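Shared chain: chain A. Partners: chain B in the first complex, chain C in the second.
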Partner chain A sequence: MEGIVATGLIGISLGAQYALLALGFTLIFGILGVVNFAHGGFYVLGGYLAYSAVTYLGVPYALAVIAAALGTTALGYLFERFVLDRVIDDHLATLMLTLGLYLMMSSGFLVLFGPQSPAFSFPLTGVLRGHGFYVPIENLVVLVVCLVGILLIYALIYHTDFGRALRALADDRAVATAQGLRPKLLFPTAFALATGLAGLTGALVTPILSLAPHVGDPVLATSFLIVILGGLGSIGGATVAAFIVGMVEAFSAVYLGGSKGALALFVLVLIMLVVRPSGLFGHRVRGA
Partner chain B sequence: MASIDLGTARSGAIAETASVIIIAAAFVIPWISQNPAIYSLANQILIGVTAAFSVYIMLRMNLMTFAVPTFMAIGGYTAAILGLRHGVTDVVLLGIASFMVPALFALPLGALVLRLTGVYFVLVTFVLTEITQLLLFEMPGWTGGANGLVGMPAVTLFGIELGDNRAVLLVTIGLALTGALITAAVTRGLRQHFAAIEENELLAQSLGLVVWHYKAFGFAVAAGVSGLAGFALVNMLLTAHPTSFSALSSVNYIAYTIIGGKGTMLGPVVGGALLIWAGDIFSLRGEFSQLLFGFLIVVVVLAAREGIVGTASRFVVLPSSRAPRRPTINPGSGALGAPAATESRP
Partner chain C sequence: MEITRRNLLLASAAIGASSVASRPSALAAEPELKLGVVGVLSGPAAQWGLALKGAVEFVAAEANRDRLVKIDGAPCQVSVVAIDSKYTAEGAAAAANTLAGQGVKFIIGPIGSPELTGLKPIGKRNSMLVMGNGYAKDALGPQWPLVFHVGPGPSGWADPIIKIAKQKFGIKSVVLVAPNDQGGTDIASVDADAYKKNGIAATEEYYQRGTTNFAPIVTRIMNAKPEAVDLASSPPGDAGIMVKQLRQAGFEGPIGRLGGPGYGEISRVAGGDAVLKDFYWYEPVLVDEKVQLIADEYKKLFGAERPENNLFFQWVSGARMVVKAIAKAGTITDTEKVAQALRGLPVDDPNIGSGHWIGQAFFGINQELSFPFGVGLVTNGQLQPIVPVEAATGK
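== the complex of A and B ==
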């Protein structure tokens, strides 16, 4: 019983991280129609930016996280504005561009920082003990920040004019543009928001898990899983699916061991893609 | 890109013949050189090019596939298991098996995934390669798990053992040539069918083309060609290991095809040869070559959409031999094939 509670908490904490990543991924697909292969790259970039700020500039960790989020936001904005936007209507071209960016990013990290994981750890340590279970404080902090982040995204998307504009563009770009919304302005902003979320997650999570040039690969795969499961472009779907995936990973790691849980998830997603490409909650955003 | 005018058809035929000749010409390498470094480079290039042919076949139908390592793994492990557990060493038998098993495997799989197009097909093939990795580790009884399969007996041809460096290269060349011939035959024989599917699948179907037959056939052939590359890789490395078939290695094969030029069969040949050679000669090993690939992909997509071969042929081929381009039905499909059919909304 205690084990189940502890595992459940790990699952929730994983789910919150995944949700923050997947929300960015799904926003980019829903609004721009772009499958962002560089999403994992922005996650790693966030981690390295925070690490550099703490190590070389002596900035406090909390500020470093904010700096990392801002840095990845800026890079995302520039990349969309000056590279992606030129071929924005061609799904496969944008896919290749983000893939190219990811290759450059991950080898760039390797050149700059080397293959070893740098010494980068969370400033707060300690364990919170409850009735027979315990939670590391760092996980709790990450969980709280992620949950706040998720709530802010929801508020932004559903309760502001900016969010309404983004949803209108996702719904029908032609009509939204005819009504006066400007994709030239909104697309880079939306992309920057999503990459900023990835960077924020990276800055928060890499000190706990690990920071290395290639930790973005599994992040990309997990984002794929979640977003397909929840329905490409669906915000609610991505959130729910993120917690499902977090729970499955936590419980299968503790009770099954090996990669059986991951295998089960991938097969589930494969079946989902074939039977219901729109995902658990989505409607077909862009015809399959 | 898919305009079916005679000029394109002719330059396509030239490119196919040239590709086959270039690969066949590799047979001279074992006779003019003893240098193991050159043997190794030639092996890598031929295997990479064969795998890139698979991407090229799928792109004929406007489908971007990440599943090449999946079928390479099936082909490679098939050959390894046959050699190790069943004592099959005849290279012809192993080659046939490494083509047929992935191809047969692709048929039921194709029935599931070929209903998807555009981004969804990309995602499903990416998920497939991830599943492949996990399965290779989770089925140690068949695949040797994390240890892989080692200690295969050397392959033989008519009872002659092909074990040394030179013989391994000869086997690789033979497999690559087979892959090239199959690719050329299929893409030339079905040029118009594939072009119709690439241009507008819905229209092709309504004009009476049984699209599903051709897509399933193309998918199976692409899988078989990947399988040949997988066999060549396993034969070169003397081991079948999950890391040889990683999900992100598919990115390399896509890079060879896109950077070389996806318009003709010469594209994967030139792209694969140049990129693998560049990675070798500048000692840009492993990760550094990824930097180059990433940069070149961005350049090609933004600036030279027809890749090296397409861009070069525009300058090299006499302008007079090129009839003025007939406007295509879907002018937007220039780049990586804007998915006309996928833009339709319910």
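== the complex of A and C ==
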């Protein structure tokens, strides 16, 4: 029982991090119809921006996290506005552009910061211990920030005019545009919001795990897996799937081992794709 | 004849070919020995490849300065051709093919097991002599008579390190953790055998390469209640996260890493030596004053600091052995003759020290260079001086 509680806590912690990442990924697909291969790159960029702010500018960590989120938001806005927007309806072109951006970012990190992980630690240390379980305080802080972030995204998408406009564009761009909505303004903003989420997650999570030029690779793979499981473009689906993936990953790794655990996750996704090809909440796939 | 683009190209090619054929060859006056370097020069492991490349360039510069290689009495110019293997089997195979196309007969590298696996068939087909690395169980073998190892794998050094760790920490049980591919399983399983031979109960745990959060694996390890954990060949970034998460989970025992250097990065990622607490690892070269002279010499020759990674020194000793064998054999084309000369050379380096040829028992062929090495130790959160260990023998 104690082991189940401890493993469940790990699963929730993983799920919250994955949800914040996958929300950005699915937002971009749902609204713009773009599969953003640079998503992992923005995660790493968030980490390096926070690291640079703390290390070279002496900025407190909390402010560095905000700076990293703003920095990745700004870069995402500029990239969509001046590069992606020109070919936004050409899926192959957007795929190549985002992939190209990721390769440029990875190489840039390597040149600027070298291949090894720098010393970048979370400012709060310590572990809360209970009967048969433990929670590192840093994980607890990240969990709270992630849950707040998820709630804010929900509020933004479902309870504001901005969110309604984005959902309208995702449902039917032609009709939404005829109603006066402006994709040229809203698309870069949506893209920036998503990259900002990736940057925020990177700034929060890399000091807990590690920061290196290529730590974005598995982030992209996990985000992909989650949005496919949840249904491409579905915000609710991505959130639910993120927690399912977190739980499956934790329980399967603890009780089956690292290799079989990874296999269990892929088997689950495979079964889901066979039984329900559009994912858990597939009906929300964009129609634009 | 009609002047077409095709005819013009053909005529140009013919003129070019005839001028090359008729020109008295300047190169023939001074034979050129090309040393091929196949290593990872990009991506997260680039530092290892840059150490390899820097080492071979250093040895080539040394050989040219001292006129070490002579063919039929004529000094031979040594040059280096380096190709990025991208740390993949196919990258290394493509690099070997490219080198074969350029007439290169000697390859220093590659570094990892997958690369060596990809490169060996190409090397064999083109009779190339390979001085490589890679801890795979089949890295060497009688079927690859021209493949040599620049340093021993875990079959050579695991036993003496475990003896030191056992004496220091009194370990009775250990869990070994490594990625679930050849780069992990081939090292962890050999390490596990060495622990068992020393009376330490050992179990193996493997994880999917690319795992970023090891909290579930750590929980599984904690459930096994081991006295020690060995991170084997887990990459330094992964190893650092695992150390940190093990300590957070309340693990108090010693942690080892019998898989290669990387202490600095592991310590940084984990949060410092205080988090490492009790930690031991394999250090391929003990960098003392004599070894440091190589770095000073490098600076004199190239006007720059030597590549950061300490594997640089190991590659210098390996490349020097190859150049010595070429000089002894007196040929830059007959690799079998050079291999014969190499096998007959005493394992000796003016800076690194003396050692032995080993590998017969484990690989079935005695083609593994074994020089003195070191064991790194952190005890009670304090970094200790590297413990020097004599070159591994017997295996």
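One rule holds for everything that comes next: the second predicted complex is superposed on the first by the 274 of 288 C-alpha atoms of A that agree within 3 Å, B and C clash if a C-alpha of one lies under 4 Å from a C-alpha of the other, contacts with A are read in each partner's own complex, and residues count from 1 in each chain.
FYI, contacts are C-beta pairs under 8 Å (C-beta built on N, C-alpha and C of every residue); 3 or more make two chains touch, one makes a residue touch a chain.
Note that the structure is a prediction, hence the values are computed from the model and not measured.
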Fit or clash - chain C, chain B, common chain A:
clash
With both complexes overlaid on chain A, does A:I31 touch chain B (first), chain C (second), both or neither?
neither
Could you say whether A:Y134 touches chain B, chain C, both of them, or neither, answering first, second, both or neither?
second
Which of the two partners, first being chain B and second being chain C, lies in contact with A:L103: first, second, both, or neither?
first
Does the superposition put A:L186 against chain B (first), chain C (second), both, or neither?
neither
Please indicate which partner A:A165 is in contact with in the superposed arrangement: first for chain B, second for chain C, both, or neither.
neither
Now for A:P277: first (chain B), second (chain C), both, or neither, which partner does it touch?
first
Which of the two partners, first being chain B and second being chain C, lies in contact with A:A221: first, second, both, or neither?
both
Scan A:L95 for contacts with chain B and chain C and give back first, second, both or neither.
first
Return first, second, both or neither, reflecting whether A:V111 touches chain B, chain C, both chains, or no partner chain.
first
Just name the clashing stretch of chain C against chain B, choosing from 1-9, 19-27, 91-99 or 199-207.
91-99
Intersection of chain A residues contacting chain B with those contacting chain C?
110, 213, 217, 221, 258-259, 262
Give every residue of chain A touching chain C within the complex, in rising order.
3, 6-7, 10, 13-14, 17, 110, 114-119, 121, 125, 127, 129, 134, 136, 209-210, 212-215, 217-219, 221, 249-255, 257-259, 261-262
Which stretch or stretches of chain B touch chain A in the complex?
64, 112-113, 115-120, 122-124, 126-128, 130-131, 134-135, 137-138, 247-248, 251, 254-255, 258, 287-288, 290-291, 293-298, 301-302, 332, 335-339, 341-346
Within the complex, chain A is touched by chain C residues 42-47, 180, 205-208, 210-213, 215-217, 219-220, 223, 236-238, 240-241, 248-250, 264-265, 268-269, 271-272
Chain A residues touching chain B - in the complex, by the definition given at the top
29, 33, 35, 83, 86-87, 89-93, 95-97, 99-108, 110-111, 213, 217, 221, 224-225, 228, 232, 258-260, 262-263, 266-267, 269-270, 273-274, 277, 284, 286-288
